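Chain naming follows the written order as A, B, C and D, and within any one chain the residues start at number 1.
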Amino acid sequence: MTLVDKVIQLNVLKQVKIWFDMTVNELVEEMTYAGFQAVKLADSVRILTDMIQDKKCTKFLGLAGALIPGGMRGVIVEMIRNHFIDVIVTTGANLTHDLIEAFGEHHYQEKKIVNDAQLYKSKINRIYNVLLPNKGYVTLENNLEPVFSKLPQKEMSSKEFIFELGNKIEDENSIIKAATDENIPIFCPSISDSILGFHIWMYSQDHNLMVNPTLDQKDMLDIAFDSKRSGALIIGGGVPKHYIAMTMQTTPKALDYAVQITMDRPEAGGVSGAKLEEAKSWKKVAVEAEVVDLVCDATIALPIIVASLLSKKLQN
Amino acid sequence: MTLVDKVIQLNVLKQVKIWFDMTVNELVEEMTYAGFQAVKLADSVRILTDMIQDKKCTKFLGLAGALIPGGMRGVIVEMIRNHFIDVIVTTGANLTHDLIEAFGEHHYQEKKIVNDAQLYKSKINRIYNVLLPNKGYVTLENNLEPVFSKLPQKEMSSKEFIFELGNKIEDENSIIKAATDENIPIFCPSISDSILGFHIWMYSQDHNLMVNPTLDQKDMLDIAFDSKRSGALIIGGGVPKHYIAMTMQTTPKALDYAVQITMDRPEAGGVSGAKLEEAKSWKKVAVEAEVVDLVCDATIALPIIVASLLSKKLQN
Amino acid sequence: MTLVDKVIQLNVLKQVKIWFDMTVNELVEEMTYAGFQAVKLADSVRILTDMIQDKKCTKFLGLAGALIPGGMRGVIVEMIRNHFIDVIVTTGANLTHDLIEAFGEHHYQEKKIVNDAQLYKSKINRIYNVLLPNKGYVTLENNLEPVFSKLPQKEMSSKEFIFELGNKIEDENSIIKAATDENIPIFCPSISDSILGFHIWMYSQDHNLMVNPTLDQKDMLDIAFDSKRSGALIIGGGVPKHYIAMTMQTTPKALDYAVQITMDRPEAGGVSGAKLEEAKSWKKVAVEAEVVDLVCDATIALPIIVASLLSKKLQN
Amino acid sequence: MTLVDKVIQLNVLKQVKIWFDMTVNELVEEMTYAGFQAVKLADSVRILTDMIQDKKCTKFLGLAGALIPGGMRGVIVEMIRNHFIDVIVTTGANLTHDLIEAFGEHHYQEKKIVNDAQLYKSKINRIYNVLLPNKGYVTLENNLEPVFSKLPQKEMSSKEFIFELGNKIEDENSIIKAATDENIPIFCPSISDSILGFHIWMYSQDHNLMVNPTLDQKDMLDIAFDSKRSGALIIGGGVPKHYIAMTMQTTPKALDYAVQITMDRPEAGGVSGAKLEEAKSWKKVAVEAEVVDLVCDATIALPIIVASLLSKKLQN
């Protein structure tokens, strides 16, 4: 039997069917037999399903990009509460936006195109088509100091600091609180590059509280060393992607499952757009691992993936 | 009340909620209050809903890119059978792939990465992660000649030719057949740049059948002139986008509804990635029209949009 | 010797050096030893140099995207006058913009961001950051009719029509005129999808002049059949890329040299962003050919490439 | 005079001319009158020229992406030695790659496409089309410990640490050494997310040397507070872009000049692809500042820009 015959017998592409009130999971099942990014979306769900059901697998979630302004806070909390992941690595910006909402402020939709000069005059900041009034940052500042005063007054790793912070947050919809509740560590290696980091530094001027992400190295490496297998869902690349990958590079481990969702492209050589296949040369991803690079905005892809995973009633 | 206050009162971004077995339409409704491309996806559905329900609106569908290899044939047929659109403009490649499947051949999924040199030796052609054996083209050739012999032996516009062709196709899942059945014209201004066009030319060497897309101009202009209002769903840009837009430019009309789905970017100045807002300067799109540029692969976005539209049981 | 050793000995990356008043060609030579798109730019020049110097090679140029609004008219004319290419395939839009300038009109720079609604009111059309007043189209219309009346009043292929048109153009900077002067055929398979095509159709309403791109098929195939070897520089993808590729697919030939410049990406499966490697599976490109996909806006890449080629004083 | 007339009189687009052995600076001058990204490249040079000549302007350089593997080390050193910039913010990866070359190792070109599994077996890591053998990391490790032992054994900010490190580097082509020589501070807020950061942590296990980027906050803010005016050239986005921008956000300052070079797109809402215009709403960039978002791989754009700046013999 020739290669042609094998291909013909095994992997016929089926045209996607849709119907009245079909579920998200049914749509993903239809996409299983399609092409281009549709099949990559279905493959992402399949690989994550295997990852979640692998009881010996330590599951990392990398969160870069403005996910809370994009509306993904609830979807991420759902992943945490369902223990679809074990460890989070994120940017300081995601923590900052989570806290702004935890303290009662909101992001807004730009329903009509507004000029950035006008926004500046109105003290409203733009994130693509989402708006965040300065008031959000004022509320953040007013709430952080009292919270900081209740935290251990010592030098902490970002992981330790975020865990302690989570204990002081009341909003059940907060990523930070949910992670603390569920005992899922959050690492933030670039915390000093964020408004949260700025306020930590301000507070540290006359208090002993200090955060140093170099101290996270041991905990992160221990997690990797202790893992039998590992996997990662990486959203948006950046520091979170690099930090998870570097942890594999500096230990004898490699990711056995890996799914990446990004709109960045590989052509300029940056880590965010780099293909996961490339990570195999580094032993960041295991050579035999099946990987998916899904090229799609996470605000579309992530809710579909997590809604589909929820429908599977996975035992993990 | 300041701009800040107005924004705060009217357009609070709500974090997307997901749940067990939620429907595609429920997901789109959740995205209505989100940011980035998620809200653009929801806005696309909203504008298309308005367009479909506008009884005085002539609705154009532009189809560029390898949509049948991507698995979108059934979704497009669904749009035709439900009369979500009135006029199609497409590339010759889409017609060619539709006919290959109509004549019983298939596209295949590249489940394992194969080298292009190997594919060449196995006579299998690659379209990104989709495969199409040469056999598909052989079957096409074998079936086209008998069909051509039953068509009017004269010079036709692409629209007239495709309509006549549709009458000879038996496959109910064919875009060409569905369009003929539903009396929806298909225009293909670049038909000579396709394997279908190549076979037309071959056949024309000793027959009187000939296709000349210049002859389409009148019919396309008449449709525009006769429309009270007009709208377009444009997938992938290219000739179909330009042809619909040019029809507006050369008549006193302008699109009142416009949604574009593409992964192309505007920075190199090409028509495929150009923003719809720009089309307002040309009067291709009406100045007051609300438009959406959805940046997403159509194999993900289109099934979601059409599944959501189906769930609305629109009266058009 | 291990693979590592071979790599180390043979292909050390050298950091790019720059200096006061270095030439474009010197910069390209420096890029020869760099990474990412810089080395791809240098590789493009190298492959095109080989192609131009190969006396048995038929050299195709595919032109898609708004190259004249981008400022590339002179660079393309330079390629024609130097016989860096033998055959051009282009879009109707490129011909239209070439004629608008040939008849004395201009494109303009958008030096200050202007709203599209304002542009519409001022009868100015936007192409990304370039402006084209409607007056350009009025001048085109006024000049085309007298020119059309001097052309053969019969049905012609696009190639024949464009050649005849070139004989009536006086502007030495015109791509159409330069190609006619140098006896380089221009094919335009999608000519009916352009304002030029629209005016052809208008004129044909009461004259015998008619253009039918199906008639181009024979000439294009003959060129391929007669070629010993072939090569292509493909800018922007679209119909020109597909038409050149399809000509290889439908003859026993395949491109021996191929360079592609585009900002489109492969992920949505469309032809414009598809990698040239993929074209090997189709035998559009020869399996053994070295190809380059340069990801860069052509308005930056093309002048560099052609300026570098000019500095080599190639004998072709 | 109407808007049309004003546009016509003032900003005629001129087609780019090229000639034998033209210089890079002449090419940039030609691009001044072109469209799309070509004019953006020329505008970048113009804005940076103004910035460099503004004696009261503090000039930031943001470096993200794998610039040394791309071949940009010499170009960046040229900027430092010429004092085109005053302050650098970079990623740990750029420092790591600079040190690997400083200690005598090299990056390599992937001249022939190699499978990532094979690379893994050969202990060679891929960065897009560039290769880096593991040996580079071994040499780094062997050289770092002796260097670390000569540095102050205390907790330092990243800026202080990198400055001290620069004093121990002998390679004149090193970015770190050049910056120390020229007294240009380098900040690295995400240093713990890098192999350099990993080795710092390893060393800190039994030494008192420690790096904490939270301690950089004061120095960075002081620089901003002390600046009369400020400007930035931002390459690749990421943490460096955000950190420079955040410094403006948290002080009464705003960038008066800003040029961004990236291939990332804005549609997914992340900071790397966000347009600079958007930064005006945040007061990260001054409302009246002219900004350019150049969409081009930095390995092409940066050498052109810096070669052009060199040719201007700027007095700063």
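Couple of notes before you dig in:
By definition in this document, contacts are C-beta pairs under 8 Å (C-beta built on N, C-alpha and C of every residue); 3 or more make two chains touch, one makes a residue touch a chain.
No experiment lies behind these values; they were computed from the predicted model shown.
Common neighbours of chain B and chain D under the contact rule above are A, C.
The chain with its Cα centroid farthest from the Cα centroid of chain C is A. Contact tally for A-C versus A-D: the pair with more C-beta pairs in contact is A-D.
Rounded to a whole number, the gap between the C-alpha centres of chain A and chain B is 33 angstrom.
Separating the CA-averaged centres of chain A and chain C is a span of 42 Å. For the pair chain A and chain D, the distance between C-alpha centroids works out to 26 Å.
Across the assembly, chain D contributes 35-37, 66, 69-70, 124, 127-130, 263, 265, 267-269, 295, 297, 299 as residues in contact with two or more other chains. Every residue of chain C that touches chain B in the complex is listed here, in rising order: 64-66, 69-70, 93, 116-117, 119-120, 124-130, 189-195, 197-198, 200-201, 204, 210-214, 216-218, 236, 238-239, 242-243, 246, 249-250, 262-274, 277-278, 280-283, 287, 297-299. Residues 2-4, 7-8, 10-25, 27, 30-31, 33-41, 66, 68-75, 78, 101, 106-111, 114, 118, 122-124, 127-131, 133, 135, 173, 263, 295-297, 299-301, 303-304, 306-307, 310-311, 313 of chain C are the ones that touch chain D when the two sit in their complex.
Chain A makes touch with chain C in their complex at residues 35-37, 265, 267-269, 295.
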